[in-house]
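Heads up, the next two complexes both have subunit A, just with different partners, subunit B and then subunit C.
Presenting the complex of A and B:
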């Protein structure tokens, strides 16, 4: 993953960058599987590596193929990145060790849900049960966000009202 | 892509399988990894790959844009409608026990299924709509451009 990330930064061809970010997504999907988060890995592989790569390529077709090279020294961005990285590392010091049984998630929430789900909902996949039932409001919000995002993109780039006459022309061409 | 025979044959074989897998992920989400979000994306990928290999025009014939725009809203309505239904029948919002009052666990099963279906419909619609929007603006590229 580190190698892929560095090549994304180094590469100048946008086509290579899009492909490499797809690779990066796939690798992070593997990481999620390693963490036993199969649902998240599934999403990452489908959305990150699949759809977003295709959409990025679609965007690429609208713009230029390569990045403009910028030779100025970029001290401030580097500082910001290093500072954020250091903060994140500092934050991980407080986290319980990987797979530790004493972690708060394992002692309170996890067992509680696992005990309640067979009686309340009786669905084998606990993730689905939590996502759709216990956290139903939240998921409704997520769907609303997806809906809003879709409408926003449509408003911004598809220009429905403007294109309607052209579409009709296309149809006529198709029929004749 | 008229001359890519292998691509076209493989796509024809794959599209059906992709849809089948999407439906499996959608309706088997209770028992195995996956759910509405993933199924919606996979379903959309089926349409997108069809549009990429056989032209966008053909894809739009299979799944016309007006229908795509309708189902974006339909999914949210299905989800929120489930909540409103449970309100109407005297339960709290999105309490799936309302669907089958005699057997709350069955109600939960059905509720999750319906709600995930709503999620899947919206995600499919949004993904396909975004793809249509981008692809309709891009000039068609010849293979040498890449």
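Presenting the complex of A and C:
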């Protein structure tokens, strides 16, 4: 995955970049399965690798397909990134070991949910039970966010076809 | 520091370091690259690495996916991974795709007006427009 991410940095062709980002999402879905998060894995595979790749390809069809290379010195961003990374690295030194049972995340809410779900809700999948029941309002808020984003996208690009029909047809022909 | 660097400590923290490397790669793309679509891809990489951080926090050694057997015949000896981070990340993935699509729509709209999706060229055109407006103001 690190290799994929770094080749995204290096690649110039936007088409290759978008494809690599799809590969990245699929690899992360595999990682989620290894970490016992099956629900997250198939959401990531469907949404991250599927829908967002399609959306990006659609954008590429409407815009240009390659990145212009600029030879400006990139020292300052690199320094900022390395500094942030070093700070985060320092922060991890206090974190509990991977998979340890006595980590704070494992001792408070998580086991409490696992104990209560069979009696409270009777849904075999604990993730579904929490998502739809204990955190139902959170999911409602998520729907509101998606709705707002949908309205925003529609407002931004709904007039596109009206304004430049001939250009758009050219672009679509170029992408096939 | 010396006593911290045992092999157990290093193996136990490799997941965090892996996530940090990915996160910083994404951040570097967002800061340093001029192409707007590439910036969105960088943002996605950053996002996914945060997801990995959360999911790896929820993992328990010897645990399994938090799905109970049918008829709720729960074996008390079975360890389940923590389901709470999974729920949070499910929500986050969907919100992430919403922001990504909004960003891509903005890119399409920007390209409508400026005919480019490179940050530097947009900046140049902005300056040009500002200059012509200043000139017109001076004539009047």
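One rule holds for everything that comes next: the second predicted complex is superposed on the first by the 159 of 176 C-alpha atoms of A that agree within 3 Å, B and C clash if a C-alpha of one lies under 4 Å from a C-alpha of the other, contacts with A are read in each partner's own complex, and residues count from 1 in each chain.
Everything that follows uses one rule, which is that contacts are C-beta pairs under 8 Å (C-beta built on N, C-alpha and C of every residue); 3 or more make two chains touch, one makes a residue touch a chain.
Bear in mind the structure is a predicted one, so any value in this text is a computation, not a measurement.
Of the two partner chains placed around the shared chain by superposition, subunit B and subunit C are both touched by A:149.
By the touch criterion defined above, A:120 lies against subunit B but remains apart from subunit C after alignment on the C-alpha atoms of chain A.
After overlaying the two complexes on the shared chain, residue contacts for A:39 are found with subunit B and with subunit C alike.
By the touch criterion stated above, A:93 is placed in contact with subunit C alone, subunit B being left untouched. Once the two complexes are overlaid on the shared chain, A:109 sits against subunit C while remaining clear of subunit B. Subunit A is touched at more residues by one of its partners, and among subunit B and subunit C that partner is C.
In the overlay built on the shared chain, the residue A:74 is in contact with subunit C alone; subunit B does not reach it.
Once chain A of one complex is fitted onto chain A of the other, the partner contacts of A:137 are limited to subunit B, with no touch recorded for subunit C. Contacts of subunit A with subunit B, set against its contacts with subunit C after fitting on chain A, overlap at residues 38-39, 43, 47, 51, 55, 58-59, 62, 122, 124-125, 127, 131, 139, 142, 146, 149-150, 153, 157, 163. Interface residues of subunit B facing subunit A in the complex, by the touch rule stated above, are 25, 29-35, 37-38, 41-42, 44-45, 48, 52, 57, 69, 72-73, 75-76, 79-80, 83, 93-94, 96, 105, 108-109, 111-112, 115-116, 118-119, 122-123, 125-127, 129-139, 141, 146. In the complex of the two chains, the subunit A residues touching subunit C come out as 1-2, 5-6, 8-9, 14, 17-18, 21, 24-25, 28, 31-32, 35-40, 43-44, 47-48, 51-52, 55-56, 58-60, 62-64, 67-68, 70, 74, 77-78, 80-82, 84-85, 88-89, 92-93, 95-101, 103, 105-106, 109-111, 113-114, 117-118, 122, 124-127, 130-131, 135, 138-139, 142, 145-146, 148-150, 152-153, 156-157, 160, 163-164.
Subunit A meets subunit B in the complex at residues 15, 38-39, 41-43, 46-47, 50-51, 54-55, 58-59, 61-62, 120-125, 127-129, 131-133, 136-137, 139-140, 142-144, 146-147, 149-151, 153-154, 157-158, 163, 170, 174. By the touch rule above, subunit C contacts subunit A in their complex via residues 4, 8-9, 11-18, 20-29, 31-35, 37-38, 40-42, 44-45, 48, 51-52, 55-61, 63-70, 72, 74, 79-87, 89-91, 93-102, 104-109, 111-112, 116-118, 120-121.
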